[in-house]
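Quick heads-up: structures coming right below.
After this come two complexes, each holding chain A, first together with chain B and then together with chain C.
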Partner chain A sequence: MARITLENITKKYKDKTALDNLSLDVLDNEFFVLFGPAGAGKTTLLKTIAGIEFPQEGLVRIDGAIVNLIEPMYRNVSMVFENYALYPHKNVYDNIASPMRSKLYRKDEAYIKEQVLRVTKMMRIDELLDRKPSQLSNGQRQRVALGRCLVRTPNVFLMDEPLAHLDAKLRHFMRGELKEMQSAFNSTTIYVTHDYMEAMSLADRIAILNSGHIEQLGTSLEMYYTPRNEFVARLFGEPEINIFSGEVEEASGQLGITALGQETIMPVEPDVAAVLRSGNHKRVHIGIRGADITFSFAEKLGWIRGSVYTNEPIGNKVIMVVDVKGTHIYLVAPNDTKAEIDKPVYISMNMKDAILFSAESAEYIIRHDARNVSRRRGANKAVG
Partner chain B sequence: MDNEQKTNVSSQSKNTALDLLGTFGRNLGLTLYALFALFPLVWMIICSLKLDSEMYNTVFVFSPTLDNYKAVLLGTDYFKAFFQNLIVAGGAVILTIVAGVPAAYALARYDFKKKEDLAFQILSFKFAPEILVILPIFTIFQRIGLYDTYFGLIWVYQLITMPLVIWVVRGYFEEISVEIEQAAQLDGYRWFDIFFDILVPLIKPGLVASALLAFIFAWNSFTFPLVLSGFKIQTMTITSLRYIASDTVHYGQVAVASLVAVSPEIIACLFIQKHLVRGLSFGAVKG
Partner chain C sequence: MAQLKLERVYKRYVNSDKSFFKKAKQNDYAVENLSFTCYDGEFVGILGPSGCGKTTTLRMIAGLEEITGGDIYIGETRINNLLPKDRNIGLAFEDYALYPPLTVYENLAFNMRAKNRSDSEIKRAIDYVAPLLKVEELLRMKPPALSGGQKQRVNIARAIVRRPGLLLLDEPLSHLDGKMRQQLRHEIKRMHHEIKCTTIIVTHDQMEAMSLSDRIVIMKDGNLQQMGEPIEVYDNPANEFVAGFIGEPPMNLLSSVISRADGAFLFTFPESELRVEVPKRYYDALSDGQRVTLGVRPVDVVVAKTPTKGSSVPIAIYENLGDERRVSVRVGDSLLNMTTSEDVWYERGEMVQLEFKAEKTHLFDPETGNRIVSRKEGS
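Then we have the complex of A and B:
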């Protein structure tokens, strides 16, 4: 297992820049997740490390050694491709055995058999060994591709959305298996995903990629509690974080924020107030997650009045959308919440959990207790 | 209730009757077409068994004879022409595969300047009528000593065989996801191994079908061997002309010559059928 370092990588496809002067350091035995929207350059980044795409500028290092000029086959990396890239004319067994049969990584057949059986059992495809890829469902093909990747002991595992086509239950199971494997084998893994839950549950660290550069790099809890900008904040959490603009007001020496056309000033904590004062912020964007908003159908003094817009039960919780003077606020309600459309509802924002962004640049300004929140929450509360 | 059942039953029996009629009609149609398609061949076989004297005054009833076969197969050097044709057409196809498959790979995978123009240029060799280019080629071949040689004919046959193979095989290469090759690279295979272990099995249906078609075209070629070969090399198409004499046409002998000439093609066509089964590369890549 190895440490992977990228230094100032720039990769262009004709006029389009896929990776823009990107640097990254993935530690030995780290489970590193690349997360971002489609077209952000995640796959290109993996292929650059694998050596099947060549950057125009920058260095790729595996364990300190520059590998820019080393052929993919000699880099000893193992990759799951997003489109599986299985060999159509070989059956499942031969597909998975293929990396152990090449001249370079040759093993004896008894060892191959043992390894293939181990991996296919883990992937729950041990009954499909004689099938050709065309006889498998997409989920099964994806597991074969993952099996072909995991059967080796390479410098690094590169996984391009390896669970994207599995059904929810199997995906959950495989997530657990991958995590288990990670701790058992001490493997360096770089993992691309669209799914924020997958990212948060698996990652030691996450890099948010957006149009060829890294927006933020850190642990999943840092991403969740102190996102660097609104783009990152919106990527994490379901329902998506509420972001709306507010005015910074001062009343009787206490700093607060008014928003959503309300007159009530929502007071902020002293550490937040200090930053707002020193930065001379007048207008801010308030980001607040659905779980940090309380609601009541009975009228409460000082709470914001709105009306129920939609009410969507999703099993273990209810996502309620409240319309406040044209702005839609998403909040998480208990499972048994029943509300007719247009029914008046009163909500209260917990400003201790609000994340403030600059109204001009959408960059992060401050949240209450920012330094400790991700660590403290991580210790005693599951994220979700 | 009873009524309903009855109507059900009767409509069911009506359906099966219709189905049966449909099947019958389909098979009848196919049989008629098969007779239509095979008739020229049958007619040729019949002609090959007739004496010249019976050629015009009998249809199906005549006294069969093997004289024509004796005259053609034993009396002339027809077998020599057959093998020379085999060398020329087979050699042309082998050269086409050796040079054309890598060319098709390059046209499918690599991005270079004027790629499409080059591909179209290759295809356009197929458009040009042979008779249009035959005179300059004849002059050139005379000068550089390729006239009446195996290599000269094999070379010029590339105009017939190469475009076909390149265009069909290129399509097959394009259908193979480039990620399959990349995965094989990461698995530790050299390009050479990847090409033979992974790409060749995947293009095989297209390669076999187009190579056999190319072989048939080369085998049947008439204009090129007529002008570009002399006494040393004679292909079957040219040799068959021999039975058309100035005073009379020996139709029986022409029929025998033609029958022998088409036999490799018929065998080849039976092979094509088997190898035309596609869909091998489908399914391994997310569609």
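Then we have the complex of A and C:
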């Protein structure tokens, strides 16, 4: 159990900067997720904490102590790799026991047995103890790798995309399993992923990494409802959030937005209007998620006319792409929706659900009721 | 343009004496008694896990594999003995197989040049096809300069440039990353809408098959499992395999024993306290103590708002994924998952009662995997 602090870390591979003056503070016992696209520096950051990579600048602290010059084995971290890295000649029991048989962290066999049984029971692999890795399925191997990581109580668990190699069905299943055991981990965990569902599901807090720096740090709901910029907004949700430009207009004292080549002014809420006014925003980017757009095949007054670009049934819902004067709007429709390609369709969106970004910098400006939507936990508990 | 018809098609690979490896089951058919029809202009997906015989089927249609038994017709013509080049088929594989030294234009023109078509005719054909797959801008480039998605566009454009009667696509999107895959899926769908060419796509990705196809053929171990519209195979899977294969997140499939109490049937589960009411429409098909496999999609399990005859169970997992929330309870060793787009919040350990949406609850025979239908439905 420990607090992990990074101060102004810079890591370069020759000319390429992998981590750029990055600072981070992971609290004791926190489940912390590093999330971002490939090449963002997620794995480098993890290796820097583990001591496998050495930063050119900056300090790595474990519980306040500077560990830059401490060898990995003395840092007391436990790591699980994307490609499992199990010992092929050892059975499941011995693989999981191996960290406790190392010179430094040696335990007696009775204790080892107790711990291996505890962790294999938790991972539901307690019936596979005498199997070799080659006799296991991918999902089972993954559990063994996780089990070997979790069997100790180190300063910190470091998990590098542990579910990335599994197929979609198994990955979702394992994510659930991991979520269920999470509370039994009993140590700080830093988890790297490029899957937004893993990040949202597992994290106490998320750091979004992009080309070596942190784009945003916060809870999953903050990221989803109030992303700091368009880059972050696009990372969360399926289908990807719609982002298109709009003009701020004023009609009879009421502030609103026009977009997609329409005449109609879509009114905004007073809290949004105040921010738009004070910031003197004329052009904005509107971010709105597919589930927040309604549609109709019958003509509706004031709705935006477009045509069906494609209509994709994917089981429990239909993803419809609507072409409005060359802009493609993705929306989520009920699963029995049938729509002929190029057929006219009318859509309506409520600016209450929109996230507004600056047209120049793509940075977050405002969304209606931002504080409440991103911290809804208490409110919902009362309802549910 | 043409209708494609397969009648009782069989395929067995006969290994020569010199074969280096022995197949575990020499006599198994790669494709067994396969019959289906794609109507003129239809888009049909052949879907299944690896080794189900879907690519073998495509290769038999294309003429790249001999047909062990049965007949394949394109229109009225039996094509079993026609050479591939005489079948009027366009083919695009997962690998692009473009000619690297030739420009995109020349790649598209290649087949027509081989058939001595005039330059003006070739140009007309390419001018028509290029915008459909958005390759107009690429015509002067050479394949090494193209991205994977662009190469696949060119590959598909080349397959349709001669306007074949039948277009065959073998996993055309498998090599592409998420975003590119989505885009190309849209282009393929729109291209088909435009030229209305009878098209068959082979894929192992159920979402791809669902989103592109008018109808889907689902195969397993060389056998047809079900053929139907996407919504049909999703809502009314013919058997347990189809139920588990179609849909993401996957359908919950749980072994259950039916028990009768107070005039109501309940699902009970081994090593679990969970009890859930059986939808009334199944009452005439069930008996006390019967073993069934229960299938219900995560979106069709709900937390009961009013008390039911079932039992309360603790929530094992709650995940807020932004677009939706996933909630699971333990049923013995397995998880029963629910998905909802409603804005709900649960604590782990909170006690809830569950309900299955009656019309969306499926029962399967645990021995055969076949669907159990109520008598009303069956008649």
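Heads up, the rule we're going with is that the second predicted complex is superposed on the first by the 327 of 384 C-alpha atoms of A that agree within 3 Å, B and C clash if a C-alpha of one lies under 4 Å from a C-alpha of the other, contacts with A are read in each partner's own complex, and residues count from 1 in each chain.
Everything below uses one rule, namely that contacts are C-beta pairs under 8 Å (C-beta built on N, C-alpha and C of every residue); 3 or more make two chains touch, one makes a residue touch a chain.
Note that the structure is predicted; figures quoted are calculated from it, not measured.
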item: Which of chain B and chain C A:F81 touches, first, second, both or neither; value: first
item: Which of chain B and chain C A:E299 touches, first, second, both or neither; value: neither
item: First, second, both or neither for A:S98, with chain B first and chain C second; value: first
item: First (chain B), second (chain C), both or neither touched by A:E360; value: neither
item: Partner chain in contact with A:E109 - chain B first, chain C second, else both or neither; value: neither
item: Partner chain in contact with A:E57 - chain B first, chain C second, else both or neither; value: neither
item: Touching partner for A:D130 - first (chain B), second (chain C), both, neither; value: neither
item: Chain A contact footprint on chain C (complex, rising order); value: 185-186, 189-190, 193, 206-207, 210-212, 230-231, 234, 246-250, 297, 299, 316-317, 319-323, 326, 328, 333, 335, 337, 339, 341, 343-348
item: Interfacial residue positions of chain A with respect to chain B in the complex; value: 47, 50, 52, 71-73, 75, 77-79, 81-89, 98-99, 102-105, 132-136, 138, 141, 148, 165
item: Residue ranges of chain A in contact with chain C within the complex; value: 124, 168-169, 172-173, 175-177, 179-180, 183, 196-197, 200-201, 220-221, 224, 236-238, 289, 291, 309-310, 312-316, 319, 321, 335-336, 341-342, 376-377, 380-381, 383-384
item: Residues on chain B engaged by chain A in the complex (per definition of touch); value: 177, 179-180, 182-190, 193, 198, 201-202, 279-286
